[in-house]
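Questions regarding the structure given below will be posed in turn.
Chain nomenclature is as follows: A, B, C and D, assigned in order of appearance, with residue numbering initiated at 1 for each chain independently.
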Amino acid sequence: MIFLRRQMPLLITMITGLIFAAQYYVPHPASEQLLTSATKWLQIIGGFALVLGVTSLFHVHAAKIRRKEAGWGYSVVLYAGMLGTMAVGWWANGKESVEGVSTAFGWVYNFMMVPLQGTMFAILAFFIASAAYRSFRARSREAAVLLIAAVIVMMGRVPLGEYLVPISGDISQWILNVLNASVRRAILIGVSLGAVALSFKIIFGVERSYLGGGKE
Amino acid sequence: MLKKSANCVPCLRRSASRRQVALKASSTYPRGYASALHSLRPCWMVFLNILMLIVVCGVSSAIVLAEDQLVAPTNLQAFDTPNDGGESLTVNWAPSPLDSPDARYQVLLGDAGAIDAASLKVIAEFPAQTRLVKDLKGPWWTKTAERNWHQFVIRNGKGVELKDGTAYTVTVAVLKGEERTVGPLLRATPAPNWFNWNSVNNLVLTLLFGGVVFYSIAQAKRREIFLRRIPGLDAVDEAIGRATELGKPILYLTGAHDMHDPSTIAAAVILGRVAKRTAAYETELLVPHRDPITMAVCQEITKQAYLEAGKPDLFKEDSNFFITSDQFSYTAAVDGIMLRKKPAANFFMGSYFAEALLLTETGASTGAIQIAGTDSDHQLPFFVTTCDYTLIGEELYAASAYLSREPVQLGTLRGQDIGKALILSVIGIGVLLATLGVVTQAAWPQYFLDFFKDVK
Amino acid sequence: MSFAERMLNIDRRIIFVVIGLCTLLPLLYPVGLPIKISQEVRGVYDHIESLPEHSVVLLSLDFDPASKPELYPQAVAILRHAFKKNLRVIAMTLWVSGTGMADELLTKVATESGKQRGADYVFLGWSPGGTAVIINMGQDLYNAFPSDYGGKPTKGQPVLEGVNSLKDVTYAVSLSAGNPGVEAWYVFGKDKYKFELGGGCTGVIAPGLYPLLRSGQLNGLIGGLRGAAEYESLIGEKGRAVAGMDAQSATHVAIIVLVALCNIFYFSLRRQARQQGSQS
Amino acid sequence: MDVTIIGAWVATGLTLFIFSFLYKDNPLFKLAENLYVGVSVGYTIVKTYDTVIVYLIWKPIVENQEWTLLIPVAIGLLMLTRYVPKAAWLSRYAFAFIVGVGAGLAIPRTVSSFILKQIEDTVRPLLVLVPGDGVTFSWNLMNPASSVNVIIVLIGVSSVLFYFFFSVEHSGPGKAVARMGVLFLMIAFGAAFGYTVMARMSLLIGRLTDLIEYSDPAYGRPTLWLALVTIGTLIALSRRSRSEPPDSH
């Protein structure tokens, strides 16, 4: 039983990991067919994973409503929004438009989801402005360099900046293309080494936090 | 494995094509040359063959020079394209001194039984000075001909339908003005391959790096591994000291992700260190959470830290508390805590999204010392400008490994360091060699450089 | 409390109003400053310009409404360009919440360009799995998307004639707001299936894509609203992005002024503190 | 058309509710925020059902008898055992499969695209061969491939890589290299900062463009009316809270 619970999943990870890492080097059609099937499976499993991800929300808010915790009314709003969207969604067969004509589902999407999600991030513009005034200080030489580079790029990326200081466009291009690219490249290499090391550790069972469920 | 895969089908084709070339070329070319025709040969043989081809090529061009009229493509070879999934053939032939801008080559293809060039179909036509081996991508160890030779790869597409295991007749014709001469008819069979030698460098480097990581982890389990001190940790101590002086609390956030994320784990490890200090200095610690499981884990860590500091009585269960999983509501609540309690030090460890700026800005306005550590690169600029000290990217993991002394973490870090050292030296040596290559016009630096290229 | 301190402690809602006005006024009263075209954007434009008629272009709209203001104008501009060049367009998305927007966008631009769904373009819709979808399309497009957004089988649609997998796509452009996006299209797509790849992205992730641009892994990059404005000027159809450039200019200048003020006050405070320190 | 007008009113109202967070965290904002989470979860569920269950599973099985697709379905169902405490360990099989395939797919591809490709482009000759001029060193800063830029990229990549090197103490010459790395990092962060500001401002521009469009009389000027309603509510709410304990913000 312990084997089935503990070792078996690790074995599955190891075998699938090794197979699909090796697949990369094998051009034979049989190996390509394997890749085709596996990615198709991943697509389907991905759908289940998505459902799993959102259902934890069900629990949290259902508990809130049941216990009448502070702000449970908002949880009711959340539930109403979710169930309402699902109802119109299934009624419209999951399509926002049919032959170019918007359905009720499309209406919910266009007039509720789009403005809500868009505005959530638009408010950040205001906070950046206020932080620019209150906290973006050159408190060290590093921060000073950062702010100067930021100001140049901000100037160089808008027509007014290029109009006022014509060379700012070229300098910001150079910063992005050369200085920024070199740093990002080093970071990319470092992060990739980390990712490859992590993948190796996962395949060989050294890293198992993904299995979850505590230390059983 | 590889040799075995070159069994029956390629062998058949090999003997067939060898016969074809031998018929036409037996008088002019050395016999050993025919061995260059098979497709699935190991790399070292390819290399030998190339050396031989250099010799052959010199001989043949000297002979062609002596003649005046249009000569059929010489040293023509056709074989299964190596390192691919099949359904493809490759044709190589030697350059000719008549390769002028007005001359053209045609590639012809037909069934295995064809004995007459007229029954073959023209599948490609191009100027004589194009389609050279040197213009093609691919590392030197899989090249099937000299750099200045011609190469054409026949693939399935318009009018071409190659089937694996079926033999085909292939040849090349040369055209100049009205004249047209057809080369010898060769036979070749496409077949799928079991290994792509073009990416063998990828495989070797990947295995090497994997080996290094596991070796370092094993080393770390056996003995102490040196890790340089992370300056950010000094800043942590300093901030706690100041909070004690001022008699104000310390605020510690563990980020947006749950316990599955390495950044949250690192944040929890550093929390252990911070809690130990706050216990020693008897400073109040506040840890608001976004994830109940992370909260439970952090509660344990804090308790342990107070125990280790010898002050278990000071530990408060509610110093770790859950607010809400919702991004902006959480942010508003934490901002509220900052404004009301005015902590002397704020710690932002772990992963953050758009809420980062809202948090650090409020913290800065209350005059707290702020220390951040995150791998969320898109938020790093904001942390750097609004915080007094920032652990950048991998430094967060390094700080956590430094504190926890956990062999797997330390070993991985060391393994990655070796990987980086290797890359740094490859870049250094590579640039030197590449520059030498330009200055001396030599081709040999390429033998080193190709190994660190992505050449498929 | 000194002047600098008082100034630094003003209610931040005053700043909110300033930034709101800096955005609103140029939108209401535009000036129309000229926009310079950068090499990165030209890379994408020139490549589409060079494609022969009926080439297959894949447009992956990997963003959600949160990034609509930046990426929607990019998508409109590229689509208009592709339709003008009579290219065949395969559109899709890897982001579930972007599906409806992508559909609306395609329908709108196709209608104004007089293009037929199924004949000139197809919208494959969304499919879960992220990178797995890209690989699966590279192996067999009909396996990854057995039917298009409207539920019609993909096999047999005239627009997909001769297209079996990503190998048959001439040019792919991913407009992305994160992951999966441009990087995934390179690693799991172009790396193996060898189509040419261009990118469009939000300002937040653009600087991170420059190493890929430098190494030629991407042949062009449209960054943010500014990139969209450049593309709109290139195809000569000025839209939302160009209209937004004046507001963008004003807000940038406002932010620069705010940063400058912040530092002036900060340094004057520091000097004051130092003077007080030396006096006492 | 009527539906669009109602839509304009709803969209405007929700936009303004969220903007009200700028004044302070308030019930209108919380209402809009929770509605947003609810609607997007509902949307995801509908889309997943439609795409996965209907088009990727049901139709291929019923129409083409692709019975092998039941395997991923089984794996997917295993994942859902997380909610049954006794059988939760079964979900490990599903995660083991996904994570295993993911790790396997990632290793060679990451090495190829993000390590080898990046090394390849960094390793460039410091001198260029110009036909006619021979070997030259090009000083043009604006050409990303010029010799001087190649050297700068080389310095940047090496010093930043060295900065994230933890096995060696940053002292002596190492300190100078690490400092150089930090400077490069800060410039890159500055560029990212500038770009992020640009992005956030663009989002605001986008939203305000919509609000301006909705202030049109054709829609009945929802922007104007709803702005008044929102402000009125905020005033009323702050009056009420003033009589209660002080606010947290």
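The rule is short, and it goes like this: a contact is a pair of C-beta atoms (placed from the backbone, for glycine too) under 8 Å apart; a residue touches a chain by one contact, two chains touch by 3 or more.
Please read these numbers as outputs of a predicted model, since none were measured by experiment.
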Pair sharing more residue contacts (C-beta pairs) when A-D is set against C-D: A-D
Centre-of-Cα separation between chain D and chain A, whole angstrom: 5
Chain centre separation in whole Å, for chain D relative to chain C (CA means): 12
Inter-centroid spacing, chain B versus chain A (mean Cα positions, whole Å): 22
Residue list for chain B, restricted to those that touch at least two other chains: 199, 202-203, 206, 209, 328, 365, 377-378, 381-382, 384-385, 393-394, 420, 423, 454, 456
Junction residues of chain C - those touching two or more other chains: 16, 19-20, 23, 66-69, 96-97, 99-100, 127-128, 135, 151, 191, 204, 207-208, 211, 214, 224, 226, 248, 251-252, 255
Residues within chain D bordering two or more other chains: 21-22, 30, 33, 37, 40, 43-44, 47-48, 51-52, 56, 105, 107-115, 117-122, 144, 153-154, 157-158, 161, 164, 185-186, 188-193, 195-198, 200-201, 203-204, 206-207
Touch-based graph of the chains, sorted into line, ring, star, complete or other: complete
Contacting residues of chain B [partner chain A, same complex]: 83-86, 192-196, 199-200, 202-203, 206, 209-210, 213-214, 217, 259-260, 262, 265, 325, 328, 354, 357-358, 360-361, 364-365, 377, 381-382, 384-386, 388, 393-394, 397, 408, 412, 415-416, 419-420, 423
Touching residues (chain side chain C, partner chain D) in the complex: 13, 16, 19-20, 23-24, 27-28, 66-70, 72, 96-97, 99-100, 125-128, 131, 135, 146-147, 151, 186-188, 191, 202-204, 206-208, 211, 214-217, 223-226, 240, 243-244, 247-248, 251-252, 255
In the complex, chain C residues that touch chain B: 9, 191-192, 204-205, 208
Residue numbers on chain B that touch chain D, as the complex places them: 199, 201-203, 205-206, 209, 226-230, 326, 328-329, 332-333, 335-337, 339-340, 377-378, 380-382, 384-385, 392-395, 398, 413-414, 417, 420-421, 423-424, 426-428, 430-431, 434-435, 437-439, 441, 449, 452-454, 456
Touch list for chain D against partner chain A, complex: 3, 6-8, 10-12, 14-15, 18-19, 21-22, 30-54, 56-57, 68-69, 71-73, 75-77, 79-80, 82-83, 88-89, 91-111, 114-115, 118-119, 121-122, 141-142, 144, 149, 152-161, 164, 182-198, 200-201, 203-204, 206-207, 210
